[in-house]
């Protein structure tokens, strides 16, 4: 890893408007902006490793709003705001509520009088989560403009219906670490493929986030899934466009074998059928419990037809030298461990277990880096101050 | 707004025994004590605006006990203790429990070994909430006296059956800001009036808090409600007495129109019929769910007879120059927005929306000011230190 | 109490490997290690009393995992991590889950990227709680070894199926305070006795913790319970062995009277029949709700045969001079107060109420002392730094 002074210098040379916009979709950020976040995360992680405190706030709240259960993301967010000096405060609105208009405007302001960051996870409804975040963002802008809020809290997308930018950026940071640099990713083949799981309604945001981000760095991105498991068409278009611009490629295929063939990286993960996710939103809005039960049954039956989408040792042999890097956002559905039949064979997962932990370990730093870049135009200056002071994190 | 040095000097000249008593009812505090809290809140708010850290605690817990759901008050309290340097810890006793005697004494001590503030919201039972807070306060006094507790935590009334002092004081701070000083409130007419809402069991503490506090500053306080929607008689007596002493007036009327006529300020808000609140306490104590259902039905039917208590544009035309300041503790029941028929017309609310947000924005600072004045006799000295150090809140 | 400089010097002279192992059972620690924790707690408590900040962390998370409801322990842990400068983050896995293997390994790492302490309470299942903690500890060790975690979080046993070390050590600190030194405990008779309570399923960890720890200091430990209310045989063996080594004695008896006779200290407290706790674990694992109901009924009936195990004034007269110190981990089941018939008569409890509060007040400091000793080999040096800096906790 580069040393901190080099990284800080590189950050100072990257143009960025991140201080002026929320990080809601990776494809709304320029390559330089993405690099700034990655390098900021690297500096923060290095500082922690060297026992240097990264507190930039003496006080302030970091608010979290989880509309879906979460352990990993919750702890990553809590870690991120804590390392910056903020205190967590959870907004518990009830899970199934879709708020709009007046309520959103008002709540966004009421919770933000002393807030410096707001993290939202809202991935249950196609067409709703990201839109909700933008509504919150506008309410915050308006609150600042009208003199209600003393400053604009940073808004962080902790997973929505479209993207999961803290996950995909953490994945990218891990790939950068693993392969020794962003430039090393050019021409690498990454297989984002569907895999069987006995569970229902997993969001599309991880595969969408991966194809939307990895296509920015000249990689050969292959997307594989059975018929009916499409992603949001606009995101697929985005990935195609990104691949062209970055000098990589984007190839949808319909078999796991084809995707794995000669891959440098494989990311086998289950998600719900696209049509099901759409219907589910309607049923949830209508509060139709019987309908939801029916849908779940149908979905699980549909899944069960594709149990052969299984990341086995034999499948791994198809990859480049039989040694592709296995990735997962965790928890994986491991056959014989967390379920009878799942996404991945136990021996494959075990081989890459520590690798997936390291992948996950980037998330707190990525979230903190997003908040810092939203807060400061001159992030390099702030990091430089922290480094010069080198206050100990632990006595 | 005055500058901070002037405010701090004024604070130092106001006599106060707030360091020696809990702030449980505004009418237990002298005018000078109320002013001290207001000015302290102004200094704290100005400091935040100027990026000056207000941490007076290096560590310590700020405990919260909410016996009723709450988003606004919860965030205000969390913001207040955070800006002082405390960490929040929630005591979740279950909502419907009325604890007494041994349990209160013991719990109060057990949670307070490292506590510097305790905020309680207990507004569900007429005759119980404020009494409970005093029981906690006595247990804490006793704990200090007996050498169990190293110091006395500040107890903050975050809403009880009688008063809602953090709300009414925030409202007063907003009026002071809006009209340019406490002295500007003399002779202003404020109409605290009932308004229709399709909801049930709203506490009486907001209207009681408003008439109990605004009557202290020479205002012409008018209280309006339909028959049967009386407030606690002792509080009404308090308001009368206050008005006489402060050179203002207190006038109960039975029509919204009369209250709005030439008013400078209107505060239209629903609350439950007094008799219903009394019966509800009995039924809750008896755990009589069927009885509670019945009561709710009767109450909603009674409410529905008064749908004409509606803050419309036409009603607003009756006020001074048609331009009275509309106030609300939020959330308001807005007709056609949050309910079919409610307290206020959408166009009226929209005109004053930002004003109500600014009103609410005072609450974190009022709560922090209450805690500081409970903790320190020489609050001016503490604020002066913070100002001299001028440590940045955000790097 | 000795002054802080003396205590710190004594700490520096006590050999300890606590920085290299988790504090999961008191009998796994050497006498010198136990003394170090006691003295560290004394220094921390004195510092708080003298308004000296004890923050050794600028940031970091203190994670809590409570598999059973808890107010006292929750607040003690929150207080402990707060006084060290950590922020609390609760891991809410659902209460009845017994996690194993992959899930434990993964979760332990996922929550620990920025964690400095993890407190676990898991006392519901005989044979499971302590084992779970060791599984977490191994996962953390492995995470550090593999480069996933930047440092090893301190693991604190906040009550398991075998021991309740934060309780027993707080009890010991209180005895040391009350009697004026650890050496004063030699030859004192402590009666750990069962007492009747109308509740079901109380864990065995408090009596086990008491006999396992107090037998280390030359005390005459008497354990009394009705037939069928045995403790885990291995722990009883441990107590016997400890008593021999420390020059004290360990005597199991079958009557409360015999235990109270000439006792210096009495600890009357209910716990569940051993066999019931074993069956309960099986039924919980099998998710057999009907079976659990049956078992509860049988257990309460069995308890009811022993209502004479009651700490009355008459019983207290049997103790040394009628003036033994009454202890309890709280909350006690007080006859006529918290239940119709319980562990202790109201007048007895009332006489010792403040004493039990003081007993409880040690717990936050004991927990913080355990974390410090896990974190630093040279705790004396760290405490010395804090004392020299003498930064004010409250401005």
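Here the chain labels run A, B and C in written order, and each chain numbers its own residues starting at 1.
Quick note on the criterion: a contact is a pair of C-beta atoms (placed from the backbone, for glycine too) under 8 Å apart; a residue touches a chain by one contact, two chains touch by 3 or more.
These figures come from a predicted structure and were not determined experimentally.
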item	value
Type of subunit A:subunit B copy interface by residue overlap (half), same or different	different
Cα superposition of subunit A on its sequence copy subunit C - rotation in ° rounded to nearest 5	120
Rounded Å distance, subunit A centre to subunit B centre (Cα mean)	41
Junction residues of subunit B, two or more chains touched	87
Subunit C - residues contacting subunit A, complex	56-61, 87, 89, 91, 93, 101-103, 105-107, 109-111, 113-116, 143, 146-150, 375, 382, 385-386
Contact footprint of subunit C on subunit A as seen in their complex	48-49, 53-55, 71-72, 74-76, 78-79, 82-83, 85, 87-88, 330-331, 334, 337-338, 353-354, 357-358, 360-361, 363-364, 391-395
